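What follows is a pair of complexes built around chain A, which joins chain B in one and chain C in the other.
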Partner chain A sequence: MRTIAVAVLLMLGVGVELLACLGVMVMTSAYDRLHFTAPATTIGPLAIAAAVIIEESLSTAGVKAILIAGLLLVVNPVLTHATARAGGIRTHGDFMTLEDKEARP
Partner chain B sequence: MTVWLIAAAALLLGLVPCGVVCFRGEPIERLVALEMAGIIDTLILLVLAQGFKQPAFYDLALVLALLSFAGGLVFARFLERWV
Partner chain C sequence: MRRTAHWLAWWVALVVLWQLFVSTFAAPEVLAGLLAAAVSATAAEAVRGQNLVHFHPRARWFVQAYRLPGNVVRDCLVLGRVLWRRVVRREPIEGDFIALAFSPGGDDPQAAARRALYVAAISLTPNTFVVGIDRDNDVMLIHQLVPTDPTDARELLFPP
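The block that comes next holds the complex of A and B.
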């Protein structure tokens, strides 16, 4: 029973990752591609970490798997924002709202 | 050949689309593909550590998750200025 649960969770995690990679390739602009790093750092790692916990329970391996999945969950939004911000600055010259631009002396 | 090693091999396939985007497209799009490849590599190391029953190898995935995040930030910072 545990082996089946581990296999199902692994298939879910790996499937989501492969679909996210395909999404990065298929999309046309950088901002559209950026969206696909979200499922790749939420559903995928959590499913794989759950599979590790089912197999190892909360041993060293299980705790580290949770730590890695949690880390990916937390850092990816920051990276996504920084990348989109860099893209915005490259296209518009700066990263200011219209109000700020008008308020600028 | 356990289910973990099969999963690691399947995840390796995910690097092909990332490589395709890395070789084509705008610099920002290449950065997005690099970030996705960093995520996939982290999960490959995690799955391999479990597949080979080596808890010590989990630290590799942990360090890679941190460093690919920092690397992505540095690339984004440089891409802001270098048009």
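The block that comes next holds the complex of A and C.
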């Protein structure tokens, strides 16, 4: 039973990571691509961390898996916002208004 | 004295984090961790010392975070459908910018924490991220891959 749970969680985690990479590849604009970084830092790492904990319990590997999943969970929204903000400032100046949005390439 | 205490707090926390990651007490690893933590603690204290911004969040705001996992899973399914349409059906997909009513508050620590938590919580959900907050016009600019036509920023976190 434990083996099945670990296998399912690993397939879910790795599958989400692969689909997120595919999303980044096939979307056309930088803003659209940014959306696909979120599943890769939420569902994916949490599923993999859960698989590691079920297999190893709270060993060294388990603690590391929790730390990494937690770090990705906290940092990604900040990086996504900062990247989008930097893109907006680079393209449109200090703040992107709706008029600027209409002129977006 | 207070700056030293802050520096020490940062240093100890970072050394502990380093040790959790390396999982060894080999002398070179421990030494590297002590030095890296010192550099990072110095940088953190240099930024904190400038008093650029203070955060005083309310505890009850974090209680409301129980909604986030559901929002994340729901948006992952939305992105899955988008991927299907793009890859299998070859449909052109383009997200959109949306300006939402948002009361940003003032310069006090509580308002700063509220803005930061709103940005982080909304940007955590895969279908939406915050581009910026226009404090002069009480507007939050978001980008959504599949527009959901929210009426205001609060609705993104607490769907009706």
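Methods note: the second predicted complex is superposed on the first by the 95 of 105 C-alpha atoms of A that agree within 3 Å, B and C clash if a C-alpha of one lies under 4 Å from a C-alpha of the other, contacts with A are read in each partner's own complex, and residues count from 1 in each chain.
One rule holds for everything that comes next: a contact is a pair of C-beta atoms (placed from the backbone, for glycine too) under 8 Å apart; a residue touches a chain by one contact, two chains touch by 3 or more.
If you're wondering where the values come from, they're calculated on a predicted model, not measured in any experiment.
S.K.: Hey, is it chain B or chain C that touches more of chain A?
M.R.: So, of the two partners, B touches more residues of chain A.
S.K.: Could you say whether A:Asn76 touches chain B, chain C, both of them, or neither, answering first, second, both or neither?
M.R.: both
S.K.: Identify the partner contact of A:Pro45: answer first if only chain B is touched, second if only chain C is, both if each is, neither if none is.
M.R.: A:Pro45 sits against chain B, while chain C stays out of touch.
S.K.: A:Leu34 contacts which: chain B (first), chain C (second), both, neither?
M.R.: After superposition on chain A, A:Leu34 lies in contact with both partners, chain B and chain C.
S.K.: Mind working out whether A:Ala7 is in touch with chain B, chain C, both or neither, as first, second, both or neither?
M.R.: Only chain B is touched by A:Ala7; chain C is not.
S.K.: Give one of first, second, both or neither to describe whether A:Leu22 is in contact with chain B, with chain C, with both, or with none.
M.R.: Both partners.
S.K.: Under the contact definition given at the top, report the residues of chain A touching chain B in one complex and chain C in the other.
M.R.: In chain A, positions 22, 29, 34, 36, 60, 64, 67, 76, 78, 85 sit in both the chain B and chain C interfaces.
S.K.: Which part of chain A faces chain C closely enough to touch in the complex?
M.R.: 16, 19, 22-23, 26-29, 31-32, 34-36, 38-39, 42-43, 60, 63-64, 67, 73, 76-78, 80-81, 84-85, 88, 95-98, 101, 104
S.K.: Can you name the residues of chain B that touch chain A in the complex?
M.R.: For chain B paired with chain A, touching residues are 3-4, 7, 10-11, 13-18, 20-21, 25-29, 31-33, 35-36, 39-40, 42-43, 46-47, 49-50, 55, 58-59, 61-62, 65-66, 69, 72-73, 76-77, 79-80, 83.
S.K.: Please output the residues of chain A touching chain B within their complex, sorted ascending.
M.R.: 3, 6-7, 10-11, 13-14, 17-18, 20-22, 24-25, 29-30, 33-34, 36-37, 40-41, 44-45, 48-49, 52, 55-56, 59-61, 64-65, 67-68, 71-72, 75-76, 78-79, 82-83, 85-87, 89-90
S.K.: Going by the contact rule set out above, which residues of chain C touch chain A in the complex?
M.R.: Residues in contact with chain A: 17, 20-21, 23, 72-73, 75-76, 79-80, 82-83, 86-87, 92-95, 97, 99, 119-127, 129-132, 134, 141, 143, 145.
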